[in-house]
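Pasting in a structure now, in structure tokens, and then I'll have a few things to ask.
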Amino acid sequence: MDKREFLKSLIVFIPAGGVIASLAKQAGAKAPEPAYQAKNHYYGMGIEIDKCIGCNRCVEACKLENDVPDEPFYFRTWVERYTIKKDRTVVVETVGLRKGKRKEIVEQEDVLRSFFVPKLCNHCANPPCVQVCPVDATWSTEDGAVIVDKNRCIGCRYCIQACPYGARYLHPKTKTADKCTFCYHRVVKGLLPACVEVCPTQARIFGDLKSQASRLVRFERLNKIHVLKPDLNTQPKVYYAGLDGEVR
Amino acid sequence: MNEDLRERLGEMLEQVTGFIYPNEIEIHWSILIVVYPYLTGLVAGAFILASLVKVFNVEEVRPTYRLSLLTALAFLLIAPLPLQLHLGHPLRSYEIFLTPNLTSAMAMFGFVYAWYLMGVLVLELWFEYRRDLIVWSREEGFPMSLVHRALSLFSADTSDAALAFDRKAIQLITVIGIPSAFLLHGYVGFIFGSVKANPWWGSVLMPIVFLMSAIVSGIALVMFLYMVLTPLRGEPIDMRCLDKLASYLFYAVIVDFSLEALDFIHRLYQSEESIHILGTLIASKLFMSLLVIQIFLGMLLPVGIMIAVRLFSLTAELRKLFYFTAIILIQLGIFATRWNVVIGGQLFSKSFRGLTTYKMEVAGIEGLITALVLLALPFGVLLVLLKVLPPWRKAAA
Amino acid sequence: MKVPEQIKRLAVVIFVIVAAVLVTRYLIPASVVDQRVYRAASVQREVSREIKFAGATTCGDCHDDINTKKKLGFHKNLSCETCHGPSVKHAEDPSSGKPFAPRERKFCPQCHEYNPSRPTGFPQIIPTIHNPLKPCITCHNPHDPVPPQVPRECSACHAQIERTKALSRHALLECTTCHSTPTRHKLLPRSVKPTKPENREFCAKCHDKGAPRKEAPKVDAATHGGRFLCWECHYPHMPGEA
């Protein structure tokens, strides 16, 4: 190679070198450390059936915190009341659904056992709702919450059909799918979800499954845990202690 | 909140029997989502009928070949409309193509639909009509000559070699087209059949049953159109064609009925937990639409009619009357089938403890009137197609 | 090989369609198609939602005196906002107004009204007969809700058992007949518990052949029921049924 060709080849290296240098600089300069790292957390909820008194404060708090419509057709969380009679028939109703009108009065002597079951989105680890969303508007975050992007949702309602737990509804104003988010806007700031915050008997336990010291992990250690509809393999992350076999 | 919606939901809440999850009070997939699989089913069925001619060389039904393709096209063009009207945000529906979730049957269906429309139906129509379009455009005046030349993509080759190529291309497309048609409507069945949360929908048989009932309704529709259009053109009905169509319809109904009977027997025998609420559902909410309309009027009676036609040698006039009656009953039955799947699947609670009601609006974007208009629109489109691409017009050689 | 004219025509159409798709795709901004971008934006929107409930720890920052009182009483596990409602605005700017303070009778029964589905031991009253017309806070300080008198009846907290027993053959038996209850149980219900009978001989005291109580049905305590304890079959609060 003669001098002329050598110099010509150098010319290529100068801009190339410049590009490589700037790329290296970008890679080296890190963005400022964000305060909250999603990958350090993995959220779940525990519910102790024997503590729930069915006061419905969790439902009211959730509606206030998350701007859920007031009407009794839309719930991010709700409480069911089970009454198993001595003839083994089961009466179920949603607490507070029909204000003032009790659905069915079961006579004291007919009752075998009776209890309340709070329900909410289970933030499944294998969520069927995420699987079926056509436009990728609902998905699981790294820290274990399943959320809906209401700017992307087209309102096809496939996710609502796919949820085995009835946790989703179509928001009448935004016309997008909506559901419990574990109060994601609260938990990333170290607060508790609204329902957990106001529960008077601590029937709801929110926790970080990745944490070393977590109320939820203790809950899992001390109780026999059940989840709803385990045969559907949705791997729910809402764990129930004392869940009766009649609960669907 | 919309006053009308609040009132309707409030009324429905009063009529719930047993227990439903509180969010289940709203029936999410309305009559529009009943119309949609009905329309796509007709597409698949009409195409399968067309493929009988080209792949299986059933010459008797050739008079309906082009009609079947045009029918499939007309219905395929209108099929996305009920979906769009039903969405909460129809203007965002392009997201299905831009950022599809690959695990979603609904998203993948968008691509299947696009493939079937462009890669199968339109392509086959083009190859079928190409030569005729060229010939017609030479004999016509403005504007039709320009329309036809444009539709032929300004093609000019009418040599025998080109025609042979056309025929081979159609064969190839139809061979690919049959599984594509299966995929098109099977996918709609899969959208329901893959929902494990709903035991009325979630079944391996669902795509198959959807497809067979689609074939039944498609053949019946083409028969109907043939029987109506031919006298309007002043031509006699080709009874050989009609009888052949009727026999294929008969086979399809037998297979469809067997599959649905299998589903029923299988459910009863397995007796899973959901059998109780589903039994109550059929006996109470779906009694009319399932037992009376879908099974008795929509399947048993037409099968009886067609057996009668085969057993007794009847005059052509009588056969036409019987066929026409059977066809109308079948269409009613298949529409009821779609209703029973879509609406029926939402009338019972996923807690298996209660039933709710569906209050269909009359007016309103998801109301009865919209549904009827959507059912009528494809016929309007078909009329236009029949004018632009007449199936039976003889072209001078 | 000569390319058929049809293929040439179709190729043009296909090319136009593919080109249109590619150009459109290229023109679309990343925020619409890049998953990381739009998901991050969505999380951002979610995280910036307005907070309505301040959380119990926030209230204690200013209201330490109430906190100190509350954390020893029966309401120690209640968050302030359970009763006072969402109060973040007050927490950020106390001068902006006070949170709701429940003072009417109809507030407390939401938790404390008798309901047979509530777990046993949870204090429940029947609002229509429990000091009617008086606001609850007249006698019960909500931040340390000790009842003004020690409850006389077990039914103050064990209403469901009491009501079941009242319809049974043991209706006229006091709870203390079978459960010896230290007085401190009424102050520290979870730590100091009443006793429960421990052996067959206890029930045999009334129900064995030859035992005093005339109206109690008699069985041969030595053989009846094999080796099992009486209450494994007979529900003591509604005996006569298994």
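Just so it is clear, A, B and C label the chains in written order, and each chain counts residues from 1 on its own.
Assume contacts are C-beta pairs under 8 Å (C-beta built on N, C-alpha and C of every residue); 3 or more make two chains touch, one makes a residue touch a chain.
Small disclaimer: the values here were computed from a predicted structure and weren't measured.
Chemist: So if I look at the partners of subunit A and the partners of subunit C, which chains show up in both lists?
Modeler: Looking at subunit C and subunit A together, the chains touching each of them are B.
Chemist: Where the centre of all protein Cα atoms falls, which chain's Cα centre is nearest to that point?
Modeler: A
Chemist: Kindly indicate the chain pair that has more C-beta pairs in contact than all others.
Modeler: By number of C-beta pairs in contact, the leading chain pair is A-B.
Chemist: Report the inter-centroid distance (CA atoms only) between subunit A and subunit C in whole Å.
Modeler: Taking the mean C-alpha position of each chain, the two centres sit 20 Å apart.
Chemist: How many Å are there between the centre of subunit B and the centre of subunit C, using C-alpha atoms for each centre?
Modeler: So the centre of subunit B lies 52 Å away from the centre of subunit C.
Chemist: How big is the gap, in whole Å, between where the Cα atoms of subunit A centre and where those of subunit B centre?
Modeler: Result: the chain centres lie 39 Å from each other.
Chemist: Among the residues of subunit A, pick out those that touch two or more other chains and give their numbers.
Modeler: Within subunit A, residues 136, 152 contact more than one other chain.
Chemist: On subunit C, where are the residues touching two or more other chains?
Modeler: 35, 38
Chemist: Please set out, as single numbers or ranges, the residues of subunit B touching at least two other chains.
Modeler: Subunit B, residues with two or more chain partners: 99.
Chemist: Show which residues of subunit A lie in contact with subunit C when the two form their complex.
Modeler: Residues 50-57, 61, 64-66, 81-83, 108-109, 111, 114-116, 136, 139, 141, 147, 149, 151-152, 181, 184-186, 188-189, 191-192, 194, 197-202.
Chemist: Applying the document's contact rule, which stretches of subunit C touch subunit B when the two form their complex?
Modeler: By the definition above, subunit C touches subunit B via 4-6, 9-10, 12-13, 17, 25, 28, 32-33, 35, 38.
Chemist: Where on subunit A is subunit B touching in the complex?
Modeler: 69, 71-75, 78, 80, 90-94, 97-98, 119, 128, 130-137, 152-158, 160-170, 172-176, 232, 248
Chemist: Which part of subunit C faces subunit A closely enough to touch in the complex?
Modeler: 35, 38-39, 41-43, 45-49, 51-53, 55-56, 75, 77-79, 81-82, 85-86, 110-111, 115-119, 122, 160, 163-164, 167, 238
Chemist: Residue numbers of subunit B touching subunit C in their complex, please.
Modeler: Those residues of subunit B that touch subunit C are 98-99, 118, 123, 126-127, 130, 153-157, 161-162, 165-166, 169.
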